[in-house]
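In the two complexes that follow, subunit A is the common piece, with subunit B as its partner first and subunit C second.
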Partner chain A sequence: MNGPRKAAANSPVHDGRWTPWIYLAPALTVLAALLVYPVYQLGLISFLEYTQAQVSGGEPTSFQGLGNYTELFADSQFRYVLLTTVVFAAACVTGTLAVGCTLAVLLTRVRALPRLLLMLAALGAWATPAITGSTVWVFLFDADFGPVNRVLGLGDFSWTYGRTSAFALVFLEVVWCSFPLVMVTVYAGIRAVPVEVLEAAALDGASNWRTWRSVTAPMLRPVLLVVTVQSVIWDFKVFTQIYVMTDGGGIAGQNLVLNVYAYQKAFASSQYSLGSAIGVVMLIVLLGVTLVYLRLLRRKGEVL
Partner chain B sequence: MTALRPETAGRVRFAKRVRRPWRLAAEASAVVVALVVAFPLYWMVLSAFKPAGEVRSANPVPWTLDPSWDAFRRVFEQQDFGRYFLNSVLVAGTVVTASALIAFLAATAVARFRFRLRTTLLILLLVAQMVPVEALTIPMFFLMRDFGALNSLLSLILPHLAFSLPFAIWMLRGFVKAVPEALEEQARIDGASRARFLWQILFPLVFPGLVATSVFSFISAWNDFLFAKSFIISATENSTLPMALLVFFDTETPDWGGVMAASTVMTVPVLVFFVLVHRRLVSGLGGAVKD
Partner chain C sequence: MKLAVRTGAAVAALAMAGTLLAGCAPSTSQGGAGEDAKSGTLRVWLFREVGNKPKERVVDGVVRRFEKQHDGVRVDVQYIPVDSRAEKIKGAFNDPSSAPDLIEYGNTDTAGYVRNGGLADVSAEFGDRSQASDTDRAAKESVTVDGKVYGAPFFVGVRALYYRTDIFDDLGIEPPGTLAEVASAARKIRAERPELYGLVVGGAYTYGAMPFIWAHGGELAKKSGAGKYTATIDGARAKKGIAAYTDLFGEDNCPAAKCAGMGGNDNVEAFAAGKAGMAVAGDFNRQAMEDGKVKDDYAVLPLPGTRRGTVAPAFAGGNNIGVLKSTSHRTLAVGLMRELAGKATQRKLFDAMGFLPTFTDTRAQVAKKEPFVEPFVKTLDAGAKSVPVTPAWAEIDAGLVLPTMFQQIAGGKRGVDEAAGEAAEKMDKAFAE
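This part shows the complex of A and B:
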């Protein structure tokens, strides 16, 4: 048993050319079957007429071409939800980056104990599953029993009733659970700036602000790029928070974002093809973001 | 130049002394921010231990003099909460183990070998990370139905395995790269086969990184309620923890004590996992970010 295996290991076939593919085989199999194929199916369904009748086999599926997309873009609710999603994601990204970067800088200005406290608190927020984070925040802002309304003296103001206040609540939760990644990464980035460089800047008489602008910030640019792209991708496809906190998209769908809208179209009203078409639109937008990111990486001459 | 030096150094020191009140202010704000950030978790645990009357008080106080396990008891007695908990552990555990092993092999391939399509593959792995998982619920539903996996835990394990792989491979690559190649050379000279090097030398060395990476697959599987909601339709005994939590939550008058107790039960395992691996997590993310 040991003999042939050893021989095989030393044979040229096993050495070099095929080995990486053997190592990759399980991963590629899983990804092909459960990621690439579903994405293909998603695209396919978006071109078909696919409702409950087709699922149960009562009616044959029929090819619609771009029919579903035409229907989608003619639908004013879809356009409204698309716009809402973009604005909401932009707000979340801005908020997350602002809080994360500010706190990262703050971390470099304090001694070990306050730094540890802030790190631990952030770690806790980071680790909290989106679903429990959502339930806890709803409870904190609950009209009858939540502490926030008591402290702010808002009486029994319901945060989830109005469109803006519901979005504000979700925004706070999203920033709370996503700023830690930004803070930790940017802090590590600032720490990675060599002390000699900062000393040299100080010796040359550079002000704090000048040092930040001309030394630290340019060295942080790659890190900032990554966390920005990561945040854009996350916040554009936020699902759990909206779904749980606004009970599936708010009163009369006032708090819908694309991801929840697609889910509701497909599973609540059985319009699978429209739901898939929304999924494809999201996929294209996110693909665009990723391509811009890759291009920026390329321009800097980074190798993967 | 040399003559100027002491003076400049003195100015730097002077500047530091001037900044001292600023540092105290910074430290004070860091502590305040830490308290604010930790408050939701504190409130969650506190409310889980408060007796029912205090949770439903119109004037909630940030402490309790009468902690009780009542809310937890209600949660565990409701339906099959214990069973849901086990299901969640089983799903997350399987996803974490399988994804770690598969990702380890794949990461070794992309970190240790040069082959055609390698860069293309890496870019595809990056692109795969941004696929909106929720949008794939629709085709995934049909796939699971055709596969006969609906209503079983397998319908939860398989999708999460696929969705966690791209990031796991991407992050593990850094940990595999960090192992010096000379070690492999040495092992080969000593007569170790590739398989032996892989499992007996490389695997233990990369293991800490593997654990850190696993946090993310664990969280995504542990947190999932969408697949559980969509794929487990009739076999409620195969449901998972988030679904049980939503049962408490989705009523006109939620049992907040129960919701907070269930949330605590769901959050604590992740919190412990996270705190245990956070050092490696940060260095690993640093690696994944830098590359």
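This part shows the complex of A and C:
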């Protein structure tokens, strides 16, 4: 085995040093065009003064250094929105994972027909576009015409008026539209656990909980990792639900999250540079969270 | 070998970054065309209104006559949706080659468009225009930035007090003569008909709230030098007006839980659906009322001021027509603008669309023909006001500074002093930029 490979590496014709890069080239080119370039532009604009006046040539573009960032962090509303976003995203991720995993386990325990129905219901939620889902939820919880208030006997209670109740409403919608991915993925993961291992655990007299904790969960860890990271990214970047359900950030901006705030800055008031700076901050936060998470898992000896 | 690969990759990355740096800085439009052709195609963008046909007919008439008078000139009119106008017009400023020569635009956008370098200065042609002397003062101000003229007023829109004649009769309420009477009438209606809002209000209905501030002698901001403004929303009189408006949010008139989130359209809808005894709404909302439940049961009067016999200054809304800086047919474009915004066209547009003319004499003529517009014309003649003419206004508007203030007070989260102080701070920050 060792001999021929060495010979190939040394041969002047098949010099392998560029081979991986050649294979990678198409993917790298696409990545560079679709990922690196926009991120580069985002970063660049965040260091400039770049508003509509600069875009349409009314005023010259000027370099601001970290000016946009100092402005952002001096803005108490931005800090408040950043904190809100982190807390809200954490709640959404926890909720989504809890519901998704519970239902995945449930799927493995029920008969074919209820399983099919549950799957169909989940796929329905999954396939609904965020804007449609949000609009329907707002209607369901409408103070005057919503069926939920009627069923619960809440009278004309307005869900979107209070800060907490508005966030709770959005939380429910976010969990509703994002649990199916978790459920399906985790369900597939559970199905991939070899029956022999589970049988062995059963023969050893392990309880259900013990089997989950010591056998299934560790084997599911890579799957859980993927869905967690994905949920973190999605929920941190939530836009549509907040924008639609709280009418662009709620009463007096009480339900603003970063993405909606960035939209307000970048597009509604054409301060593209400030919006970009918010985008960069979000990127860094997300990268940070993901890296720390990967790090933690690796320390536990997980091969990824 | 590994090292070589790494260096290679690094060089490639650097080279790539280099080309990016050189070639792909964020784009900036190159602006003006510098040419003034006397023939060719003139492109015009006007707003597409609800029920746009009559407008098209009037404009077609003007355009055909213009084409006949100018040899080799074709005019291409496009109607752009009002909802996406901001994006369209931004796009036009960014790409002069596909931009129109003439646009219709909302009058609060003037200063922003001028700073963006999008509108051409037409002071030379319009500064001493004979017709200009009859132009409404607020309308004239809305095309003027730093003493220069950037377009012609096309029509004005103004809000007044709609009220339910049937309910007023049933409850024996007289049409209110002061703002205090408006409030007491509102509370009486709510007390007697708890399913209705007395006067429907909205935390996000800035243009409905401004007359309360102005009626109490307050101002949003005052001019402090050329193009410079200082917020005065936290002045004593302005705060009185803010308090008068936010007092209307409550169980005894319009519960904050429902009304704090409302905007102007919500108010119009509520009144049209028969859910309110009174509403502040525009002359341009007439059709919505006619299509609603209240059809035969409403009347309009100017929103009264604090003293009997006065009118609360209304917000002078409306649209202007302007020539784009990038036009390559400047003379022709200005000529067509003169026709489109002229008295004859405005009179026809009033007949077709109900747009109020910007010329006081033309307006007086049409008011005689159509009694519905009388309260609106009275409101305008009493002196309507506009928002500060500065590009910062777009940012204040987009940052929801005033709605936030009203909503905080209406929801009981902040007192008037605190909320107005915060709003003033945010406005000053925007003005300073």
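As a convention for this text, the second predicted complex is superposed on the first by the 253 of 304 C-alpha atoms of A that agree within 3 Å, B and C clash if a C-alpha of one lies under 4 Å from a C-alpha of the other, contacts with A are read in each partner's own complex, and residues count from 1 in each chain.
Definition applied: a contact is a pair of C-beta atoms (placed from the backbone, for glycine too) under 8 Å apart; a residue touches a chain by one contact, two chains touch by 3 or more.
This structure is a prediction, so every number in the text was calculated from the model and none was measured.
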Practice task
Using the touch definition from the top, say if A:114 reaches subunit B (first), subunit C (second), both or neither.
Solution key: first
Practice task
May I ask you to decide whether A:223 touches subunit B, subunit C, both, or neither, giving the answer as first, second, both or neither?
Solution key: first
Practice task
In the overlay, answer first, second, both or neither for which of subunit B and subunit C A:160 touches.
Solution key: second
Exercise for the section: Return first, second, both or neither, reflecting whether A:61 touches subunit B, subunit C, both chains, or no partner chain. Expected result: second
Practice task
Examine A:41 and indicate which partner it touches, taking first as subunit B and second as subunit C; both and neither are also allowed.
Solution key: both
Exercise for the section: Classify the contacts of A:264 with the two partner chains as first (subunit B alone), second (subunit C alone), both, or neither. Expected result: second
Problem - First, second, both or neither for A:247, with subunit B first and subunit C second - result: both
Practice task
Kindly classify A:30 by the partners it touches after superposition: subunit B alone (first), subunit C alone (second), both, or neither?
Solution key: first
Handout entry: Superposition-derived comparison: subunit B or subunit C, residues of subunit A touched
Key = B
Exercise for the section: Once the two structures are superposed, pull the subunit A residues common to the subunit B and subunit C interfaces. Expected result: 17, 21, 37, 41, 45, 247, 272
Practice task
Spell out the residues on subunit A that touch subunit B in their complex, using ranges where they run on.
Solution key: 5-6, 9-10, 14-17, 19-21, 23-24, 26-28, 30-31, 33-35, 37-39, 41-42, 45, 103, 106-107, 109-111, 114-115, 117-118, 120-133, 135-137, 139-140, 142, 144-147, 150, 176, 181, 184-185, 188-189, 192, 202-203, 205, 222-223, 226-227, 233, 237, 239-240, 243-244, 247, 259, 262-263, 266-267, 272, 275-276, 278-280, 282-283, 286-287, 289-290, 294, 302, 304
Practice task
Flag every residue of subunit A that touches subunit C in the complex, lowest number first.
Solution key: 17-18, 21, 32, 37, 40-41, 44-45, 48, 50, 52-61, 143, 156-158, 160-161, 247-249, 251-253, 264, 268-272
Completion exercise
So, in the complex, the side of subunit B touching subunit A is made of residues 8, 12, 22-23, 26-27, 29-31, 33-35, 37-38, 40-41, 43-44, 47, 55-60, 62, 101-103, 105-106, 108-110, 112-113, 115, 118-119, 121-123, 126-140, 142-143, 158-159, 161-163, 165-166, 169, 193-195, 219, 222-223, 225-226, 230, 242, 245-246, 249-250, 256, 259-260, 263, 266-267, 270-271, 273-275, 278, 282, 285-286, 289-291
Problem - Footprint of subunit A on subunit C - complex, ascending - result: 1, 4-5, 8-9, 16-17, 20, 24-31, 90, 93-94, 112, 114-118, 203, 256-258, 260-261, 391, 394-395, 397-400, 403-405, 407-408, 411, 413
